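Chains here go by letter, A, B, C and D, matching the order in which they are written, and residues are numbered from 1 within each.
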Amino acid sequence: MTFEPLSRRRLLTRAGALGLLATIGTLVTPRLVLAAWNKAAFESKTLPETYKLMGAEGATESGDVQILASDIAENGAVVPVQAVSKLPDTTQISFLVEKNPNMLAALFDIGPDMVPDVTTRIKMGQTSNVVVLVKAGGKYFTATKEIKVTLGGCGG
Amino acid sequence: MSTTVKSLSAVALLLVLGTASAGAGEGPWGPGADDASFKAMLKSGFRSKGIATLARLDQDETQAFCSDPDNVSGKTGEKKRAEIEAANLATVKWPSDGVWLGDYKEGEKVAQSGRGLTSTDKADMVNGGNCYNCHQLSPKEISYGTIGPSLYQYGKLRGDTDEVKRTTWAKIWNSKASNACSNMPRAGHMGIVTEKQIKDLMALLLDPASPVNQ
Amino acid sequence: MGNPMKIRAASKDGITEVKVLMSHEMETGFRKDASGAPIPAWFISEVTAKLGDKVVMEAQWGPSVSKNPFLAFKIKGGKAGDKVTITWVDSKGDTRTDTATVT
Amino acid sequence: MKRWHAIGIATALAVVGASTGVVSAETDKSIESIEQYREALRDGNPAELFEAQGEELWKTPAGPKNVSLEGCDLGLGAGVVQGAYAHLPRFFKDTGKVQDVESRVLTCMSTLQGIDVKPLIDAKFNTPEKDRLEAIATYVSGQSKGVKVEVSLVHPEERKAFELGKRMFYYQGGPHDFSCSTCHGQEGVRIRLQELPNIPTHKGAAAGWTSWPAYRVSAGQMWGMQWRLADCFRQQRFPEPIYGSDVTVALSMYMAATANGATMDTPGIKR
């Protein structure tokens, strides 16, 4: 991928132009850490490396993290996934797909005003484990689920 | 491929439209769907695109017969049906070197692929057999269709006698040889797959080592 | 300037549930066009959600979020009449902001 | 239909021999899981984005005459969009033809806006020109969501379109001998994991007709019935049906009238 994502500063400048300037005061609360787009993590090609670049080495499986998704996706282009954390002080929720060329799909930094319950839709190139990685109390926890991607239609 | 289809399309549409309603008076169509109106609609409604030329709308005798649901259901056309089956059986080309079975692993690939011969495909691409679209074969593939019967354990249930091989080969080469209006394409006869691909499909169905027979 | 988002925000039992549809190609950079030339990556890389003036969520996305992205999340608090504002920025620097009223 | 189905399968079995070993428990589980997947998609259908675009296109002045499509008569009177889709296709006096939503919108673009629609008809799918038409069809269909399908067969041209559509449905051709009926003429069958509506029945026609236009998640595209039919024909290995042509409208008429009484659930979302 050859592009330069906007720096946080530029985002804020743009956002300011859009009338978000008034919120700067809120943005600098310590809870919502404003990281720049983590290019290295999004472009890394192995799970351990991605964890390392996210500062999530040593993440452990936790029953308090849930990944909700159907066992089979009818199409890999759109796979609905929901992550729920029951851990106190959850500040980040990420979705990773083990067998995608780049594992990290999406990362959500959530403030104290959020219920740690996020749903999105991701692309999967093939049947794979999908990992929800949660940061809570400064530590990382995971939940993993295999989602089968099927071939549909007549054209395949 | 193109030669087969061309020779088939040589059978004029006119003949087709005559045959379609043969034995059924006006056919099962209501007012307004007479042959002339239908033909005009086809002519104005389609255009050639890529390898899918307008000639593909010209039917052979089998297609014309099977475009009448009364013929398909057996309500009409009993005698014609037998003639069509005999004519299709006569088209079957048996393996040129006497070898029936190829490589089941290659056969699995042919069975998986539904590609080829559409208006967006190139003429020189390798066509698929479309098998999984309609049949269950290897139990490892959960995404299979049900328009055709399950072929899981096909060989295991039947053995590999010459009779089974002949029947299976004929079914793949020209499905209409045994069932005039089968939903299954005439894979060999219409040039959809090659003789080698059919051998590989034969192995997928009949080789004891094939995943189909586990 | 992308096409408008569709935002729904509904408050129930002290929780505001927000659902967002965004109009975006989300090109991975791995695809090729008809002539075989690679189609460059182009995707929403950052999403910000606010309730009123307060930022509640900041997301970073890669190109494996699906085309025309869907996002659902829950905010503690919020009541009918409050405003929910979503802003996205994509990898070309294009951006879009839309606001919905909580029902 | 029933009889055909029974005979077809019986013959197939006679040829192929008895067939056992279907892993049905696993299949049921797969189907259940796919149903969950589809349910998850229904909550947040990107088709809404296209509906919004279509509405804007409908209401924005365009073409040499610089007028909007708001004066377009979709059959319920000039400017009435609400419920119009549920009554299409229908016969229109001004054109002397039976028209579906797409062909009717083309008429309005031509007469009201003064647009030369030939390039729009000839444009490929998945181009900005065609996407605008799809968006408009999506908007119009959304204005009939929840409305009962009520297509008239009273006018002789409407009856004729229905009968011609029925005949086309069974028409085989191409190297694969496919007709629409090959896949859509039996009850309870699938291609791969995709269930196929049995179009000649009310239930099957309703399942098909009331759920298009639909957002296709596989490619992230918004497909109206014209695109749906064109891609069916592509997969049938037929030549290309011309956008808005009589044959496409006839097939829609056959489906819509067979679905009469069902409730529109558009725009839909599909694999």
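The definition used in the following text is that a residue touches a chain if its C-beta (ideal position, glycine included) is under 8 Å from a C-beta of that chain, and two chains touch if they have at least 3 such contacts.
Every value quoted in this text rests on a predicted model; they were computed, and no experiment measured them.
Novice: Count how many hops through touching chains it takes, at the least, to reach chain C starting from chain B.
Specialist: Tracing touching chains, the least step count from chain B to chain C comes to 2.
Novice: Going by the touch criterion at the top, tell me which pair is linked by more C-beta contacts: C-D or A-C.
Specialist: So, comparing the two chain pairs, more contacts are at A-C.
Novice: Taking each chain's centre as the mean of its C-alpha atoms, which one lies nearest the mean of all protein C-alpha atoms here?
Specialist: Of the chains present, the most centrally placed is D.
Novice: Could you tell me the distance, in whole angstrom, between the mean C-alpha positions of chain C and chain D?
Specialist: Roughly 30 Å separates the two chain centres.
Novice: Just how far, in Å, is the C-alpha centre of chain C from the one of chain A?
Specialist: 14
Novice: Based only on mean CA positions, could you tell me how far chain A sits from chain D in angstrom?
Specialist: Comparing mean C-alpha positions, chain D is 37 Å from chain A.
Novice: Roughly how far is chain A from chain B, centre to centre by C-alpha average, rounded to an integer in Å?
Specialist: About 48 Å, centre to centre.
Novice: Listing for chain C: what residues touch at least two other chains?
Specialist: If we look for residues of chain C contacting two or more partner chains, we find 26, 66-67, 70, 72.
Novice: Mind pulling the chain D residues that touch 2 or more other chains?
Specialist: Where chain D meets two or more other chains at a single residue, that happens at 30, 183, 191-194, 217, 220, 235.
Novice: What parts of chain B, by residue number, touch at least two of the other chains?
Specialist: Answer for chain B, listing residues that touch two or more other chains: 118, 130, 133, 142-143.
Novice: Please output the residues of chain C touching chain D within their complex, sorted ascending.
Specialist: Against chain D, chain C makes touches at 3-6, 19, 21-23, 25-26, 66-68, 70, 72.
Novice: Of all residues in chain D, which touch chain B in the complex?
Specialist: Interface residues on the chain D side: 1, 3-4, 7-9, 11-23, 26-27, 30, 156-157, 159-164, 166-168, 170-179, 181-183, 185-186, 188-194, 196, 233-235, 237-242, 245-248, 250.
Novice: Quick check on the complex: what are the chain A residues that touch chain D?
Specialist: 69-75, 77-78, 80, 121, 150-156
Novice: Sort out for me which residues of chain D touch chain C in the complex.
Specialist: Touching chain C from chain D are residues 43-46, 48-49, 52-53, 215, 217, 220.
Novice: Where on chain D does chain A make contact in their complex?
Specialist: 29-30, 33-34, 36-38, 40-41, 183, 191-194, 217-220, 235, 271
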